[in-house]
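As written, the chain order gives the labels A, B, C and D, with residue 1 at the start of each chain.
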C-alpha cells in the first residue's frame, strides 16, 4: 500500500491591501487547523450558493445581533441566499430593538455588574444595552400583538412575520419582505416571550408550538438538495438537522461556525460528522466545522464567498 | 489602605478511601481555579437546599441522559430537591428511551460515521444509540399522543406530564410522581417533536407554546427566594433566568456547570455575574460557575452536597 | 458484518458519603465524555503503578503549585510513584516559595490589576502572591547559588537537586530525598532563572542546557516499559514524549489531563493518539486524555487510584 | 453619577472584494467579543510598529510553522518589525525542515495513528510530516554542529544563528540575515535537542542555558519602550514577559493571540491584565487578547496592520 499525501503546506503570505478572498486562499494553501477549515467552508458555501436546486438553511445562535452580526444575516436574506432561517428568540428580540431605533453600545466585560444593574445597563459580555430599549420594545411589541384577532390560533412563524412586516430594517424585516420563514421553536424563551406573556394576561390568542413543522417538513420533502450554515449550535442547529430525519436523504452541504468543543458531548460542539451517523447529513455531504468566534469567522466566510460569486 | 488577602492556599491532600465531600473540602483549601469554584458550588448548593423558602430550579442542557447523568436528576427530584425542571427536548427523548427499556451504549468517537449510519447506529460523541430504540420510541409516543382528546389545546408541561405518567423510571416519571412541572420551551426541537408532527398529520390537538408561562411566573411571584442549578446553558438557562425578570427580585442562589467560555458572547458561556446586570440575579446573590465537563462536575456537586446534608 | 456495542450506559448513582473511588466507578458505568475518560485514566494509572517494570514519568505544567496541587505531586514522589519529574520553572519557583514558609492566598479574578500592582500583589487568576515572598525567595536562592563552585559546569537537574536538598517540604525536597531527578528544560524561563541571572552578574558557573539529556535517555533505553502522567502540556509533555523517540519503543501507558483543545494544532491540546503516529506511544499503549481543569481531575485521579492500590 | 457608554454597535457590513483592513474596520464598528478585540489588536499593533523607540518582541508557540504561519513571521523579520524573537524549539525544527526543502502535507485528523506510524507519517492535527524529512534534518543538523569548536561554550542564540546562517529561507535564515536574536530557552525540548544529544555523544561543546539572559536583559534596560506580540503562550510568552520584571517599567504594547482560557490558571490562557499585577505590563499599557485560532487571527492581524502602515 502506498500512502497518499495531500498538497504540500505552503507558508501563507500576506500583503497590504489584499482582499478577504485572497487571504482565505492563503489560509487554504497553508491548509492547517481552523484556518484550513475556513477555506474549506468558503469552498462549500460557494458551491452551496451556486446550487440552485439546494434549499438553503441558516441557523442563528449566540448573541450575534448585539455583537453586530445581524446585518450580515439580513444581507444574506436580501441577496436571496437564505430560504429558511432558524433563530433563537434572543437574536430576534435584539433585531427588533435595533430596528425600532434603539442601540447596543460598546462596553467592557470587567465592570461591576451589580453597579451596572443600578445604572439600568444590561451587559452581554462587552456590549451594553440600556433599559430604555426595553421600554420602547414593550410598546412596539404590545402594538404588534394587539393586532392579533382574539380567539385565533397562529403559528410562531406567522407571529414573527407579523413583527417583521412592521419593521423596515434588520433580519425580521428582510425576511418578511422576501417571504423567508423564520422558525423560532423556543420563542417563549426570549423577551418576545415575556411580552407575549404580558399580552396574554388579558388576551386569548393561542400560538401553536408545532404548527410550523408542517411547512418546514414539506419544504424538506420537496427539496432536491439541501444545505445549511450554522452560526453557533443550540436549538437552531438541532432543529435544522432534525428536519431532514424524516426525509430519505440528509443535508448535502453544511458549514458550522462554533466556539464549543466536541468532547463534552453536547450538540453545539458536536462535529458535523456525528450528524452523518444519524443520517442528518448524507454520507457524501461536503461539510466542515470552523471552531472559533463567529464575530470573526462569519464576516470572513461571507465576504470571501461573495467575492467568489461576484468577483 | 491595607490590602486584605483571603486564606492561605493549602496544598490539597488526597488519601485512599476519602469521601467525595472530603475531596471537595480539600479543593476548597487549595481554593484555586475551577477546583475552588466547585467547592464554592457545594457551599451554595448546600445553603440553597437547606433554605426551605427557596424555589428550586434545575436547568438541564447537553446530552446528559445519553451520558448517564439523568439518574442523578431523577434522584434529585425524588428527594424533593427540584421544584421546577427546565430541559431540552433531547434529554427528555433519551429519558423516554431508557424508561421504555432501550439502552445507550459505550462507543468511541473515532469510527466512520458514514459506516455507523449504514449499521443503524446513531452517535453522540462516544455513546452509541441503535435505531431500534426509535422504533420502540415511536410506538410508545404515538400511544401517548393518541390519548389526547382530539380538538383540545394542551400546554407543553401537560404533554410531558402525560408522558411521564406512563413511565415508571427516569426523569419524566419521577417528575410526574412528584408533581414537579417540566418546562421544555423548544419541545418541537426533538424526536418528541418529530413524533408529534407525525401524530398531527391526522389529528388535531393544539400544543400552546406560551401556556406554561403563566404557571411558571406565578410560582416566581409567590416565591420568597429562588435558586437554580444550571447544567449547560441553552434554552433552559435563559428560560429560568428570564423567569425572574418580571418579579421585583432575582435569583438568590445559582450554580452553573458549563464547558463553554464567556468571551464568545453567548449566554451558555456567560458568567453568572452578567446575569446580575440584568437583575436576573440579585446583587447579593451567591453564585458561582464551574467550567468543565458536567459528567464529572455534576456527580461531584451532588454527592458532596448530599454528604453535607445527610452525613 | 455485525456491529458490536460496548456495555450499556448505566445512569450514574451518587450517595452521601461515597468514596472518590466509588464515584469514579459510577462515572465508568455512565461511560461518557470526560467522565468516562476519567474512569479510564484511573484504570490505566492503576495498571501503570502496579507495573514494577515500568519507568514512571510525571509532567507538570500550568500554575499547579499556586493552585494547591503541588502537595499531591510531592506525595506521589514520597510514595515512590514518580521516577522522573519534568516541570516548568514556575512550578518549581512556587514550590520553593511555599517551602521557605511564604504563602499564596485566595483572591479573586476581577480586581483591578493596576491597583494590585500598586499594592504589591501578583495575581495568578484567582490566587494572590504578595511581593514579600520574592524578597525571601531571592535571599534563599542566592544562598543556594553561592554554594556552587566558581568556574564549574553543572546540569539543570543538579542545580535543582541542590535547591531541594536545602528544603524540607514540597516537590523539590521530596525529589531530593528520594533521588528522583527533576528535569526543567526551560529553567531560565522562571524566577529561578532571573535569580540566576543576578548571580551570574558576578559569578562564573555554566549551567549546561543539554547535559541532562544523557541521564534521561539512558533511563529510557534501560526501561522495560514506560508510563507517563501529563498535567497540562507545554515543555514537560513534549520533553517526556520525545525522550522515547530514540528508543525502539514508545510509552506503554499515558494519562493526560489538559484543558486545551486539539483543533488548534498545538501539542498541549493534542490527543495522545497523535503521539502514536510519531512512535512516542506504542501502537498498543493504553492512553487517555481527560479534558478539563486539573485542580479537579488530578485530585480525583490520584485519590481513586490510591484507593484501588491500597483499599 | 452618569454612566457613559461607548459608541453604538454598528451592524458589520461585508461586500465582495473588500480588503482585510476594511473587514477589520467593520469588526471594530460591531465592536463585540473577539471580533472587536481583533480590531483593537490591529490598532495596538499599528501604534507599536509606528513607535520607533519601542523594542519589538515576538513570541511564537504552537505548531505554527507546520500550520503554514512561519512565512508571516519570516516576513515580519524581513520588514524590520521584530527585534527579538522567542520561539519554541519545535517551530525552529520545522522551519529548518522547510528551509532544507522538505515539506509538510495536508492530511486529516481522523486516520488511525498506529497505521500512520507504520507508514512513517507523523501527524500534527491535520498536517502530515513523513519520516524522510527527519533523515535529511539529521544530516543537516549534524553538519552544523560539527562546525562547533570542540571544547567551546556557546549560547543557545549563537547556536541558532549558526543554523540560520546556513539556510536561505525561513525564520532562522531571515533572523540571521537581519541580526535578530532568536531565544529558545527550551531548545533541548525539540528535535534540535535530540540531534544535539546525538552529537554530544562524541563531542564536547557546552551550550549554556543562561548565557542569553545577559544580552536579552541589556536590551530591555536600554529600551525606551517595549511591545510584544504573543502567538500562543508557553515558554515564549513567559520568557518575554519576565524579561521586563527586572527593569523599572513593563511592556507598553501587547497583543496576544491564544486559544486557551483564563479560568484554568495557566499562563498560556491568562489575560494580559494579569500581567499588569506583576508589573510586566505598565498600568497604562495598551493590550488586548484575541481568543481563537492563530491560523486565522495572525494573518488577519498582520495583513490589516500592514495595510494601515503602507496603504
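Here is the rule we go by: a contact is a pair of C-beta atoms (placed from the backbone, for glycine too) under 8 Å apart; a residue touches a chain by one contact, two chains touch by 3 or more.
Only a predicted model underlies this, so the values are computations on that prediction, with no experimental measurement involved.
A.B. asks: Contact counts by the stated rule: is the higher one at A-C or C-D?
C.D. replies: C-D
A.B. asks: Whole-Å distance, chain C centre to chain D centre, using C-alpha means?
C.D. replies: Once rounded, the distance between the two centres reads 25 Å.
A.B. asks: Take the average of all CA coordinates in chain B, do the same for chain C, and state the distance between these two points in whole angstrom.
C.D. replies: Averaging C-alpha atoms per chain gives centres 34 Å apart.
A.B. asks: Take the average of all CA coordinates in chain A, do the same for chain C, and state the distance between these two points in whole angstrom.
C.D. replies: 42
A.B. asks: So which stretches of chain C touch two or more other chains?
C.D. replies: 32-34, 63, 66-67, 110, 116, 121, 124-127, 261, 263-265, 273, 291, 293, 295
A.B. asks: Looking only at which chains touch which, which shape fits best: line, ring, star, complete or other?
C.D. replies: Basically all the chains touch each other, so complete.
A.B. asks: Touching chain B in the complex: which residues of chain D?
C.D. replies: Contact set of chain D toward chain B: 32-34, 110, 261, 263-265, 291.
A.B. asks: Could you pull out which chain B residues touch chain A in their complex?
C.D. replies: These residues of chain B touch chain A: 61-63, 66-67, 90, 109, 113-114, 116-118, 121-127, 153, 156, 185-191, 193-194, 196-197, 200, 206-214, 217, 232, 234-235, 238-239, 242, 245-246, 259-270, 273-279, 283, 293-295.
A.B. asks: Given the complex with chain A, which residues does chain D contribute to the contact?
C.D. replies: Within the complex, chain D contacts chain A at residues 1, 3, 5-21, 23, 26-27, 29-36, 38, 63, 65-72, 74-75, 98, 103-107, 110, 116, 119-121, 124-128, 130, 273, 291-293, 295-297, 299-300, 302-303, 306-307, 309-311.
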